[in-house]
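In this document, chain identifiers A, B, C and D correspond to the written order of the chains, with residue numbering beginning at 1 in each.
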Amino acid sequence: METFFDTLKIEENICPPGCGVCREKCTQVQRSKGKNGSGIHEFHIPDLGVHMANTCNQCSEPVCLDACPSGSISKDEKDGIVRIDEKRCLGCGLCNLVCPYGGIDYRADEKKAFKCDLCDGSPECVNVCPVKGISLMKARSIVGYFHEDPLLKGSSLCVGCPAETTLRFVLRVMGKDTFLFGAPGCATNVINGQGIKCMINIPSHMSNMTTVPSTMTGVKRYYRRLGKDVKCVAFVGDGCATDVGFQPLSGAAERNENIIFMCYDNEGYMNTGIQRSSTTPYGGWTTTTPAMGRRKGKKMASKNVPLIMAAHEIPYVATAVIGYPEDFLNKLLKAMAVKDGMSYIHILSPCILGWGYSIPASLEVIKAAVETNYFPLWEYERGKYRITYEVKNPKPITEYTKLLKKFAHLEKEEIDELQEIVNRRFNRIKRLTEAF
Amino acid sequence: MKFMSKFEGPWSTPKEPLDIKTGEWRSQRPVTKREKCRQCGWCFIFCPAGCIEEKAHYFTADLDYCKGCGVCSNVCPAKAIMMIREEI
Amino acid sequence: MKRKKHILIGAGTAALCALKQIRRLNREDEIKLVSMEDSLPYSPTALPYIISGKVGVSDTFLVSEGFFKKLKVEFLKNRKVERIYGENKEIVYDKGIREGYDSLLIATGSEPVVPDIPGLYEGEFLTIRGIKDAQALIEKVKEGNSAIILGAGLIGMHIAQCLSEKNMKVKVVESLPSILPAYFDKEASEIIRGIMEGKGIECLTGKKATRIEWKGGKVEVNLSEGGSVEGDLLVVAVGVKPRTEIVDGSGIKIENGGIAVDDRMRTSMDDVYAAGDVASAKAFFTGENGLNPILPNAAEQGRVAGSNMVGVDTVYEGWIPMNTFSYFGHTAISVGMPFSSEKDEVHVRKINGTDTYRKLIFREDRLMGVTFIDTEVNAGVFNYLIRKKVPVGEYKMSLLEFPRETSLYLMQQAEKKETISLEE
Amino acid sequence: MSSIDLRGQIRVLDGNRAGAYGVLLCKPDVIASYPITPQTPLLETLYKFEAEGLFDPEMVEPEGENSAMGTLIGACAAGGRTFTATSSQGLSFMNDAYLLAAGNRFPIVMAIGMREQVSPHGVISGQQDAVLVKDHGWIQIYTESCQEILDSIIMAYRLAEDEDVLLPVNVCYEGFYLSHHSQRVEIPRQEEVDAFLAPLKGMNRLKWTLEEPMVFSSYTVPPELYTEYRYKMCMAHQRAKAKFDEIDREFAAKFGRSYGGQIEEYRTEDAEIIIVTMGCSTGTAKVVVDRKRDEGVKVGLVKIRMFRPSPKERLIKVLNGKKAIGVIDRNVCYAWNCGHNYIEIKTVLSDLDRPLPVLLDFIAGLGGADITDKHVEKVVERTIDAAKGKTYEPVTWLSLE
């Protein structure tokens, strides 16, 4: 259905001062093709503290193309890349004159226009950037696995809730041959619909918080008896998965039922109005762990549920976040491939209201959680632990906590303690990857 | 006796879809700079409301359902999606 | 919805951009492109490059043969539209054939102005507007011969350069005091002139051609204030004027010599649009209508017209003067107002020992115009800053010192500002 | 052929095993059960049957009763026939899912090996566990004998899965007295049961399929819709009553055994006084009734089989014109200081013709205590006296006298 072109993303304000590695590499690559120039420019205006890079936008209605008097600029329908036919280029410079985004250069000495051609799909700048500031976003390799979204539009989840994004992502990957299971919680609103009106196009069950894994067991086993392999997927909150519903989850894991159980962990009871759960982090504010008077949020660390699930030695356990969709996709595919037992995926899912951050910032929060090792991305696959996204230079936990009002009351002492918990937990996982 | 549901129990079917025009919640709306859209589809993946659609050569939100969260604008690598305040 | 029929008259940049836009927004409507010429569409801007031999004729066609088929567009070559009947929504072709339309675009472009100089028509002078003109000139190019060019505008200077590169002796006659007078101020103009003259191009500015005399294959141009120049061929490039004869008798309003359009590129007649060199359209700075026959405008006006023709309401922001001129490895760029007025703040930077010249014109904290000679910039970004009225107050000096970097930074910031969510 | 396959035979079996044969004969698709005394041997027997290949349901071993019911909810929603059994605190622990099953109209059949509830602790017989959930939306059938357990399980599936009913059904039998005591049991042949259950195959039942996706247990707004579902559930319960009588008649025709449907009426026709019982004490009571009849006392007995829904119409019919009613309750209602059936009968009184019979309640057999013929004789005698005009406290704690 959709086109989905690969595209370069350049992060803002992270170019190291004086760095020019991307430009040098691009020039080198282009030279090897007999061209002279760089399709990417990094700039430094020390006086203004500006360190940035700029490249062609590969517009869908390129004005450079429209303004070219010799028809030498074209937009490739297959990869979306705007290319210059060098042989036909007059060197008139009109493209440079009309492009508002500085995406095309004119070289007077050569009388040629010059621009980024994305190295025809595998841009070298991505590999050389020392701060990973350039990435190639490849939606096609993700949406290639998408099915039609079984979830209708118009859900009553909060504006911008990443849990909805996550659920749609999961369901698009899972496809139609899926039974979906939910429990009372935020996602209820999505899964259930209201009254006699439904908003999901796959069979779905709204269970009690204590009966999700067992209900899945029943469906899976009944269909197994009929000789049919159906996907049974749960998408429940941490209250259900890690608290009141933990016993049946553990039971299903011990029985190694062939189900995919996903917990979207928003670290609290959010549908009832932000009460603490067993995954509320140390120091985290909730209405039942207030930050006032004698209290400074939750006193104890969160329950490390994915690790507990791995201890059940089920075939597959992973942590995932929607902010790293390729990683998430791989994990979903692995979970779907498991036919002899249970898969558990623990998803960190920020709650705009309960955590206190601005509506569109979910992905920043998620990324900060990963980049600080607060929520390391790892998997346990048939006995082997593996970190699936290595953070080279983990940022201090303050880079995460500063984004969230629920940590606003923390002082150095608590921050240090939280950092200690993060370090300890990451080291545990790290050592597990080394030991197993 | 007047009944709303044709079923005996609390069940529902997508044949009777729930159609809440969540667009009414919106205080700001995304407007795609058509010409600048790279068709990368990142907004499509990340739109919580699942309301991003592909037009001829750009992606745009279905404003009947778009809640105006701004995530699409936030993830757009081309900065091609503007958030415009809704006027009442 | 009913399939509509759009007829586009002309096959230049404006018509093609309108066509592409219509197709982007509507896959069903019928589109017909009518060209007076028998070739594929091309841009006159490319003609000097044919003369210089940089590219062949076929390399300058704007689109390939397959383009029309792919876009489901009917391309009529060699057809002239004689008349438009707005009340019936019909056009009449040269052979009297009538055809109805739902919307019509006039993008007939412009033609060279030929000044009324005694003796001009007694010999074979050349103008450069079509491929045939270019081919005719190529045939007359001969190393060592000399050429006289009337007009030191962009076309005139460009041809001068091309002929000079072919080792012809070139003399340019311009009635105004400087070359490229519409786009560059005196100082910039002098820098360019210096380089041109260094390459042997004689620039006779402030001199009018008063009489042309043709003798034995030579042409002599008598100049005002006395004196004359002699050459083997004469090129007239004093400017272009809109090609408007198509609207004669139709009642469509003409102003400034072009077809008057509003900010949706609509003419005074319902469902008839005009775009490109033929149109007298809103100017960005003054808001008044005027002519600005340059390619970027044709492209943008074509896009705006195309959008409106399929019912997607699109406002034309107005044209901004701009041009870029490449000559002998040098580049001169002008975007926005080339000349400052008294209320403007002007900053100029020249770098000793080079031909580098930068001039920035500000009005309060807005950028109004820039001129760059031999300065590497992304010129369109300045157009962006001017058009978007981006406040540049504190960055004025930085723009002068680091024009490329600062303009890109400001553009990125402005783009980011537009996309920042208002929700907190 | 397995040595434990006793289908088509007559054997001496305890109630748990008799019940297990009932389940075997109904061929459920999914069984999930968690052990709790006294029903444990029932599920053990089922796991043996499966191991021996007598049938091949999916046998789930859940980690608790709530998950057992959860499993059945899933399997039943998908269209499967399901079975589980529990007792006492197991039933309490299952409550979360127990309610969900009824509200969703899932035709699950569950046996309850009845036992007292905590506190105090005690693995002791009683009816308290089952009567406590009398308004949780399940149909409840109480049995008197091991044979009746087996037969009632078969009838329970006919009732639960009937398209006019679609409600979960409990088959209740007292722990130890029935679960662990052996009696003569006729085990039907498989073909007979297959034929008896065959009508269910043609019945409509919404299932959870990929082809016709549905959401089960939707979020109910507006309140009128909630009311509608409750009304429909009440109506289903009301329809179940006559349906159960029909099923009983059909069962009698096929198997030669009848239990009277909603209630069993024993020598009631010309009786002046009626003893009301529920569960296994009925056998003892019948002996006493016979004995008293021999003495010329016009006493009859009504056995409540269908405790939920209430067999109101049948009770009105049988109790009309009687002089006195003595209820034996093996359970207590704290609110009214009486047994639950006493409240039930008292509710029916207002619908009887005047003069109303005198109503007495006798709480007996709690905590695993036996209800002996001496107890029942006391009940009959006092009820006769009351009919003659003697005044008694309405409720007697018989075991404490």
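In the analysis below, a residue touches a chain if its C-beta (ideal position, glycine included) is under 8 Å from a C-beta of that chain, and two chains touch if they have at least 3 such contacts.
Predicted, not measured: the structure shown is a model, and the values here were computed from it.
Novice: Per the definition at the top, count C-beta pairs in contact and tell me whether B-C or A-D has more.
Specialist: Most contacts of the two pairs: A-D.
Novice: Can you name the chain whose C-alpha mean lies closest to the mean of all the C-alpha atoms?
Specialist: Located nearest the centre of all protein C-alpha atoms is chain B.
Novice: How many angstrom between the C-alpha centroids of chain C and chain B?
Specialist: 42
Novice: Report the inter-chain centroid distance for chain A and chain D in whole angstrom, where each centroid is the mean of the CA atoms.
Specialist: 54
Novice: Could you put a whole-Å number on the gap between the CA centroids of chain A and chain B?
Specialist: 19
Novice: I'd like the Å distance between the centres of chain C and chain D, where a centre is the mean of that chain's Cα atoms.
Specialist: Centres of chain C and chain D (C-alpha means) sit 94 Å apart.
Novice: Mark out which residues of chain C touch at least two other chains, giving numbers and ranges.
Specialist: 24, 412, 415-416, 421, 423
Novice: So which stretches of chain A touch two or more other chains?
Specialist: 61, 63, 101, 159-160, 192-196, 198, 200-201, 359-360
Novice: For chain B, write out the residues touching at least two other chains, lowest number first.
Specialist: Touching at least two other chains: 4-5, 7, 12-14, 34, 57, 68-70, 73-74, 80.
Novice: Who touches whom among the chains?
Specialist: By the stated definition, chains touch in these pairs: A-B, A-C, A-D, B-C, B-D.
Novice: Which residues of chain C touch chain A once you look at their complex with the stated criterion?
Specialist: Contact set of chain C toward chain A: 13, 16-17, 20-21, 24, 43-46, 49, 54-55, 59-64, 295-296, 299-300, 302-303, 322-324, 326, 329-331, 333, 335, 374, 376, 378-381, 383-384, 387, 395, 398, 402, 404-409, 411-412, 415-416, 421, 423-424.
Novice: Quick check on the complex: what are the chain A residues that touch chain C?
Specialist: Interface residues on the chain A side: 12, 41, 43-45, 47-48, 50, 52, 54, 61, 63, 66-72, 87-88, 90-94, 96-106, 108-109, 111, 159-160, 358-360.
Novice: Using the touch definition from the top, list the residues of chain A that touch chain D in their complex.
Specialist: Listed in rising order, the residues are 176-177, 179, 188-189, 191-196, 198, 200-208, 210-225, 230, 247-248, 250-252, 254-255.
Novice: If you look only at chain B, which of its residues touch chain A in the complex?
Specialist: Per the touch definition, chain B meets chain A at residues 4-7, 12-14, 16-22, 25, 34-42, 44-51, 54, 57-59, 62, 64-65, 67-71, 73-75, 77-78, 80.
Novice: For the complex, which residues does chain B have touching chain C?
Specialist: Residue positions touching the partner: 27-28, 34, 56-57, 68-70, 73-74, 76, 79-83, 85.
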